[in-house]
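Following are the structures in question.
There are two complexes below, and they share chain A, which is joined by chain B in the first and by chain C in the second.
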Partner chain A sequence: MTREQGIGTLALAVWTALVVLFLLLPLFVIVAFSFNDSDFPSFPMRGLTLKWYWRFLESDELLAALWNSTLVAFATMVLATTFGTLAAIGLARSGARTQKFMRPLLSTPMMTPRLVVGIALLNMFNLLSMQLSLLTVIVGHTVVAVPYVILVVSARLVGLDPRIEEAAADLGATRTRVLIDILLPLLRPAVLGSALIAFTLSFDEVVVTFFTTGTENTLPTTIWAMLRYGITPEINAVSTLTMIATVALALGAEVMIRSGGVHRR
Partner chain B sequence: MRTGRSSIVPLLTPATAWFGLFFALPIAAMLVVSFWVVANYQLVPTFTLTNYTKLAQPLYLSIIVRTFAIATIVTILAALVGYPVAYYLARRLKRLRVFVLTLIVLPLWTSYLVRSFAWMLVLGTSGAFNWFLQGIGVTDQPVRWFLYTEFAVIIALVHIYLPFFILPVFAVLDKLDDRLLEASSDLGASPWTSFWTVTLPLSRPGISTGCLLVFIPAAGSYVSPELLGGPSVLMIGSVIAQQFGLVFEYAFGSALALTLMTGILIVALGLLRIGKVQGLK
Partner chain C sequence: MTILAGKIEPMGTMTAEHSLIEIDRVRKSFGAHTAIDNVSLALGEGHFVTLLGPSGCGKTTLLRMIGGLETPNSGSIRIAGTPVESFSPIDRPTRMVFQSYALFPHMTVEKNVAYGLQRRRIPDAEIKAKVAAQLDVVGLSEKAKSYPSELSGGQQQRVALARALVTKPRVLLLDEPLAALDLKLRQRMQAELKSLQRSAAITFVYVTHDQHEALGLSDRVVVMEKGRVAQRGTPAEIYHRPANRYVAEFVGDISILDGTVRTIEDGGARIETPAGMFVASGPTVRSGDKVHAIIRPESVRVAVASGDGANTLRATVESATFRGADMLVEFRGPADVRIQTSISSTAPEAAAIIPGHTITLELPATALWLIPAERNSNASESSP
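Let's look at the complex of A and B:
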């Protein structure tokens, strides 16, 4: 490497470090303030306290929201993972023409602003005079999550050797058996990974929830409502807890998806 | 493969049916409703273009222009900030690559609500940024224009969607054939010339995908401008939400939403066109 290139690489490294700081620092501010012993989040910080976390654990409203969020995220995860995995397998087995048509079509919800997904559903439920509830929230979240599952599972399917399936079929396995005994075990890392993605996506979603929910609130819509009245320290504690939960799930998903390298060609 | 068409249909059915019922149908319903009117808080079926002609009013026109201007600025900033990072990760960094990539992806796993809220804490008059600036003596009074301005909205949107630009560009640069650069250098090109004539043109598919993934959510954003923009930085998302929330103007709101989607579609098709690398393969 020439001296000029060395300087270039150094400049790029410094820039990258700054960008990573830019991405992470605002999140650290939330974590720091969640332990700040002051009613108003302002610098410089005062002493350390855990009282905002206790306040969260004592709030029936927030705990109910946490329960609702978990319920919705779990249902979304089951639905989206099932639909998405089946669709990904179906796409992989269909011809180039079908794929060229269906793949973009099945990814359109990902390319649509969440706000539009939410209000379009609200408008339709209103036309049909349907009662809004956590069920309608699950419907909306599943629409948002399915394309991500298809994307992740499809990536894994590309790496699979089609001869494994052929061999199973040649040995007399029916299509259902090939799916259950051969394909799903091979796809397991990607399926579990995408399930965690669907869960976090739903757990964090605020706009779609806001427009499709009835009287129930999830954790994000509760935070959203609280922010309308100003920043309170409890929001920092709740945000920190949700961040820790989703990041833990995310790292789990990463490990799952990456651990799938064994059967690659 | 021995699997025939008959086995594909049931596999694709659940997802397709779900999207048909809960995505395509609602969008179609929105299109229909956008030609209706609202009277006494009730939707009245009719056929009128008033919801669309209303968009030409200076108030709404300026909001639409501001929305697309902000989304464009955010996309350009994300590209300028993100490209060097993607380049460094793909072409220079070896050992720590996975670690740094994980750090960049990590914020994506926290909700965009929390990330918008974080900037309220950073940019406020008693926020981290002002505290720092006062600490090093740049200013003795807290700077007020950090929050509730376009500046706040733009910086937060870049923060939220930047990883979406870095990842696709990284993917393309990572797969770039080293032999092309060797050939370029063997033929006497300086590293700088090689970058402009080989690397950058070949990263176009990644750049266009990245721009798309930033522009779409930025143009349709609602949470960040609501929290950080204040009343003076109204974006189309907030106006749409108002129609479906407080004022019950579903017909006009539908027209607004479809305008937003049409605008996004035009930009997306343009970006996809730019992203096609010609004369290769």
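Let's look at the complex of A and C:
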């Protein structure tokens, strides 16, 4: 290795380390402070403790928020995955012109700033005289999540031979049977993967929730409210837990979507 | 040829005359494109029928309409006398085999084959027995628990056949089923298909663009062009007695002499061409008709002793291409007439084939076949 190459390699390593640090350091700080035995986030750490986690578990407000978030995320996941999967199948079966028109239209909520989506939903609910509640939050989150499901399931559908469905119909399967016996098993990795994406999207969501919720709060909006009193170690603990949960779900989704080119057992 | 034709019809003439599938003035278009243009066709029971034509001629659309995967815009399709246009595939006695096999990738071979039976509410024990028997027929008993992705192309093809045949259809529809296989395997599968068709004694409707496959496998060939039927007949009829130039060129090489019918005689029609007078056979022609006299390369006789017999002409060797078993030789005759012949590379005449040499060719009257001249034939006549 020449001198120039050695310097180049070293420079690249340093640069890479800086980028990684830039991306991950804030997260690391949150995790570290969540174990810090001090009321204020400051270095050096005074000692390790789990009390902030205990405090979270003892807080009725945070536990209620966690329950709300889980409920909303689960409902969003079921609704968005159902609608999105069916929409993707319908799109794949429709003509080229319909698809060209419908695909961008259906992905609009994904492209539009969440702020606009939130305000639009609030307007809509007012027009319909709907009481804001967790139900309206679920509707809002579903609107945001459906385009992602369509995108992921459509990508999988493109790789499916349409003759497989025809073969099933030729052998006597009704449309419903084709869906249950053929399409859903073949789409399973994409459907499960996009379900996890929908869950994570909803669990993290702040802006749309802010506009569409009534008196109940989800975990992110509760944290947001608590920040008015500064960043407490308690918030760091909750954030750490949220991070672990969402990263695990996102990784799960990734694995699902990539798996299953070939089906065995 | 006659011996072969005798072997081909195991069902006897009674069933051969009976039409199982009757297609009556069927039209089908996709947007502005007309895929099937007023086709009427009767296909006999127990036959191996091939729909032959280039891509886009409508053969696959016609097949899919017989199977119920497409609906005609107008016209009727009857199978065993029953109009089936409004029937879904399960209510038709037809089953389809796709070019891509379309096996269910998430099911084992066994489950793939059982699928059609399960849709028919047959008891499990019976399904099991039938699946096992069918897998035995196609020689895949050991692969029952395998997934399609673990099989070779030929094995997947057999699973597709088994999956369709196990439901005991009266008609098996095959859409270029061998197109994805390599040459050796394709030839073996052709033989298997043929024997499968004979032993199952069911009607095969087979779509292909490969004329060798069509001529080699079929009892009847239907040549299609731009959504219409150009000709139907036995492979020998299609090859030796083509109805028009399109069919003649699609199923093999031809040389063409343009001419005018002068007299009709016992042995055939006497025609006048720029290269001289020839006697040719053909369908009903009248004197004065403009015709193409066509001949297949293997029917041309090379280096006939005298230069002046009937139906002969003197021609110069333009090029000779060695093809292994035979040579393809291009001749130029009087008035720039071009004649293509193929001669065995071991034949004594082969020695006389030297570019630039002029020799005598005989075009036997029985092999010189007349087809109607197309209107602007002179414009498109320049050698292929």
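Rule of thumb we're sticking to: the second predicted complex is superposed on the first by the 241 of 265 C-alpha atoms of A that agree within 3 Å, B and C clash if a C-alpha of one lies under 4 Å from a C-alpha of the other, contacts with A are read in each partner's own complex, and residues count from 1 in each chain.
Keep this in mind: contacts are C-beta pairs under 8 Å (C-beta built on N, C-alpha and C of every residue); 3 or more make two chains touch, one makes a residue touch a chain.
Because the structure is predicted, anything quoted here is derived from the model rather than measured.
S.K.: For the three-chain model obtained by superposing on chain A, do chain B and chain C clash or fit?
M.R.: Overlaying the two complexes on chain A (C-alpha atoms) leaves chain C and chain B fitting together cleanly.
S.K.: Quick check on the superposed pair: does A:Ala169 touch chain B, chain C, both, or neither? Answer first, second, both or neither.
M.R.: Both partners.
S.K.: Please work out whether A:Asp161 is in contact with chain B alone, chain C alone, both, or neither, and reply first, second, both or neither.
M.R.: second
S.K.: Between chain C and chain B, which one touches more residues of chain A when both complexes sit on the common chain A?
M.R.: Between chain B and chain C, B touches the greater number of residues in chain A.
S.K.: Would you check which partner chain A:Met124 touches, where first means chain B only, second means chain C only, and both and neither mean what they say?
M.R.: Once the two structures are laid over each other on A, A:Met124 reaches chain B alone.
S.K.: Applying the document's definition of touch, where does A:Arg177 land relative to chain B and chain C: first, second, both, or neither?
M.R.: In the superposition, A:Arg177 touches chain C alone.
S.K.: Classify the contacts of A:Pro185 with the two partner chains as first (chain B alone), second (chain C alone), both, or neither.
M.R.: Second partner only, chain C.
S.K.: Contacts for A:Trp15 in the overlay, against chain B (first) and chain C (second): which applies, first, second, both or neither?
M.R.: Once the two structures are laid over each other on A, A:Trp15 reaches chain B alone.
S.K.: Where does A:Met243 make contact in the superposed view: on chain B (first), on chain C (second), on both, or on neither?
M.R.: After superposition on chain A, A:Met243 lies in contact with chain B alone.
S.K.: Shortest C-alpha to C-alpha distance from chain B to chain C once the two structures are superposed, in angstrom?
M.R.: Superposed model gives a least chain B-chain C C-alpha distance of 5 Å.
S.K.: For chain A, give the residues common to its interface with chain B and its interface with chain C.
M.R.: In chain A, positions 166, 169 sit in both the chain B and chain C interfaces.
S.K.: Once bound in the complex, which stretches of chain A touch chain C?
M.R.: Interface residues on the chain A side: 161, 163-164, 166-173, 177, 181-182, 185-186, 262-264.
S.K.: In the complex, go through chain A and note every residue touching chain B.
M.R.: Residues 2, 4-5, 8-9, 12-13, 15-16, 19-20, 22-27, 29-30, 33, 40-44, 79, 82-84, 86-87, 89-91, 93-94, 98, 102, 105-106, 108-109, 111-117, 119-124, 126-127, 139-140, 142-143, 146, 150, 162, 165-166, 169, 175, 200, 203-207, 211, 220, 223-224, 227, 231, 235-236, 239, 242-243, 246-247, 249-251, 254.
S.K.: Taking the touch rule as given, give the residues of chain C at its contact with chain A in the complex, in rising order.
M.R.: The contact residues of chain C facing chain A are 67-69, 88-90, 95-96, 98-100, 102-106, 115-116, 119-120, 147, 149, 163-164, 167.
S.K.: Using the touch definition from the top, list the residues of chain B that touch chain A in their complex.
M.R.: Per the stated touch rule, the residues are 1-3, 5, 7-12, 14-16, 18-19, 22-23, 25-27, 29-30, 33, 43, 81-82, 84-85, 87-89, 92-93, 100, 102-115, 117-122, 124, 126-128, 130-131, 159, 162-163, 191, 212, 216-217, 219-223, 227, 237, 240-241, 244, 250, 253-254, 257, 260-261, 264, 268.
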